[in-house]
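The same subunit A turns up in both complexes below, where it pairs with subunit B and then with subunit C.
Up next, the complex of A and B:
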């Protein structure tokens, strides 16, 4: 028996009706994948607060259905109940048909799911969801070439879909095809130039590819990320790493090397301040970090 | 590449309950994505020993596993931490994204190679995703040891690692699920999102200590 740990259920933390409703809304808005918590809280809300939810209950049914599919086969009854309720309320709805498609995917009935999604695309070509589920099916079947082709075809039409650009970049990163991942991040940066996470990830890819020009460029993008969010500790470490590496490259002028060394030192100070300013960081951790920064500076 | 010598001796890999629990928690907290981590052994362990004893592990990432910068920083931090606890990095664990993917892929090989090149002893543990539903009766992990082949490292399968306390130790797996211990796992990704969260996972160590006391 495990002692010293008690499972914390969302119902222990969110007891009142407004807390439950707000938590479910927050999870929907942030698209958080905590399926066991969503099912527990959502099912409770549907059973006990259906009248309070009003029209919002249909969004909660959809939310609980998708979360329950993550927990299947244990929650298949709940999935069927949600689909049944939604079908009665919204007959011939594409969004409800998506849930049927997800059910086929869970059961690994790939052909039935693909047929359903192709039918939906033919009926309503501007509805993005079935295109993306086709990509998910190819990924699940480990057909990454098909997944990439399908995603590229989708993005040639729906080029503003940031989620899909990110998905494509992740597939390329896993295949270690960093140049193509770089292209995806460039598309994202064009659309969202003020997102520090995209700047930082672009810099990470450039650093991984390597070479003097890429290191210099990665340093600039890390700096931009820190300018947009000074608390992005990954970007600060990135500046430290990139500028330290650059300061040891023989081809650079002595002024460039000095500039890079100063930048690395500045980044190290920022990182140490970041650790010191966070409540809960121990003295040992701060000492370890100082030693780590020394090691990262030495090449 | 001194870490290569162990394969010649058919060495055995033993995983402590602390390391095994943290590995399982990491995999269970992020079941929809690939995860990886680093294994730690006592720093007295050498490539001459016949048993590779994994006493702890540090979960690394659950997102963008193959990007270099944070991997370099994380490894340096873990080395520093290990040295302060008389430990050394002794290997790498990896769980693939899909349950049907049973291979040591390119990403896992690349990272494991890097670790093998820089450590005295090393091993690679690959989580068998399909066997996670049977954790009460078997260890869902395949172990690999490095061998040198034409200046390259080849990872040869050496069966399953053994878990501390054998069958009694395996009973911690279902308990982790029932008590949802996986919710408290902190990996390096969590740490860099909020540096006040420490990846040594002391809370899990304490729980495992109480469990071990109940067994002995």
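Up next, the complex of A and C:
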């Protein structure tokens, strides 16, 4: 359940058939993970509007099956029903086998699931989904080394899958292998160079690795993140920290020291302005922010 | 410019039937092509190669956003002595349509569904609806076209704009393309103009393209220089006060 979202029963909101169908379609398109709502609405649709659904029925079956797996073990009967219906309609289908593999995963039968995915990979090596599920299984079993190996093997073939690069960078950060995480973020930057979050994350990693060049680089990438999205307060904090750390390193020329100090001051002003102009800020918060900034800036 | 008055029966029994025949033939061709389509098996090396090309292209396009060292490292990976783009691609000899059975079958299916019905129906229409003019094209044509477009009618004085039923059939074949995309969605199999274009260029398929594509990508990456886009970003913020401050102001206005 998302925080801040009212736990409204979707059936109270959407009662007419077109509303139900459109809501399910929207959830399918946007890949939203509100499993309890999907199960409630989807089950209702399948039970009462099966004829209206027509060929969309099978897509809804798949959608409901995946959502019900999230709510397991309560909804195991529903999962089994969906898989049975789908396998009758589409015998020897890869997508149905994926659902069966997911079921094994939820029952924590890791070996059966791995066997299933290995079989699928052998049958159709160009279908990317089983590789990713194997990585997910290794992560669930806390076997991060195996996960990394599997992901690397996957990426040697499917080298443009930004989702997998993201996952790999997260695992590397978990293992504190920041240099490799930096490499993965560079791949992401090549694919989506105008995403301010990737620039900011790259700068975070550089800042964590540390060292003079990396601090300078991270300062510049934080600046780029702010340029792309002026509301990115984390990046502003990053500029403040990076530039004030740089201004205290003895090896820099006096010009760059001054530059860094003014950059840090500018960033502090920006942060204060942000908090002041934001609607929900109280006076106490502003005072706290000012004191934090004072502590952060190294004079 | 003689004004001819055509028998209204022509409109009812020739004009509209040709349109309907053309339309239904297109729809039938679309579904038959889908039924006869063979499974396209892609293998893993093809997928890997496509992805390598894509990654090299991304490096070329967006390389300015990553630091110089990162760019050089990746360029070395692609173009260096053991580089990925310099791998010897085994040139597949099956480019020749005569030797590769599956490609031959595909070509035959393409011919069968597209060329033969067109020729057959064109000929039948010419034979059935001959001897009279069907319609007038709205623009003036020179006398040269008379021979081509007025097959059955041997009148020397008749304006070249009056055309026979065979030419009306050809107009339909090309004109109904947009109607097909209305019924069947874009990129449908009833679209003959694309078929004709591909047959003229006679591209033999994926494998030789890979070798050429790799070489092109290698060359393009070789000449690519790296100019880091973040070089002067701190100076821009501090001294030149570029778009950053103004965009910040825009952002804060939208919030209050």
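Methods note: the second predicted complex is superposed on the first by the 229 of 299 C-alpha atoms of A that agree within 3 Å, B and C clash if a C-alpha of one lies under 4 Å from a C-alpha of the other, contacts with A are read in each partner's own complex, and residues count from 1 in each chain.
Heads up, the rule we're going with is that a contact is a pair of C-beta atoms (placed from the backbone, for glycine too) under 8 Å apart; a residue touches a chain by one contact, two chains touch by 3 or more.
In this text, all values refer to a predicted model and were calculated from it rather than measured experimentally.
With both structures placed on the common chain, the touch criterion links A:278 to subunit B and to subunit C.
After overlaying the two complexes on the shared chain, residue contacts for A:238 are found with subunit B alone; subunit C is out of touch.
Of the two partner chains, subunit B is the only one touched by A:292; subunit C is not. In the superposition on chain A, contact is made by A:208 with subunit B only, not with subunit C. With both structures placed on the common chain, the touch criterion links A:180 to neither subunit B nor subunit C. Looking at the superposed arrangement, the partner reaching more residues of subunit A, out of subunit B and subunit C, is B. When the two complexes are overlaid on their common chain A, residue A:230 makes contact with subunit C while staying clear of subunit B.
Look at A:257: by the touch rule set out above, it reaches neither subunit B nor subunit C. On subunit A, the patch touched by subunit B and the patch touched by subunit C overlap at residues 274, 278-279. The part of subunit A that touches subunit C in the complex is made up of residues 125-126, 156-160, 183, 186, 189-191, 193, 217, 219-221, 223-224, 226-227, 230-231, 259, 262-263, 266, 270, 273-274, 277-279. For subunit C in complex with subunit A, the touching residues are 42-44, 47-48, 51-52, 54-55, 58-59, 62-63, 65-67, 70, 230, 233-235, 237-238, 243-244, 247-248, 250-252, 255-256.
Taken together, the subunit B residues at the contact with subunit A in this complex read 32, 34, 64-70, 72-73, 76-77, 80-81, 84, 97-98, 100-101, 106-107, 110, 172, 175-176, 178-181, 183-184, 192, 194-198, 206-207, 210-211, 214. The touching residues of subunit A, when paired with subunit B in their complex, are 1-8, 33, 70, 139-140, 142, 170, 173-176, 201, 203-205, 207-208, 210, 233-234, 237-238, 241-242, 274-275, 278-282, 284-285, 288-289, 291-292, 295-296.
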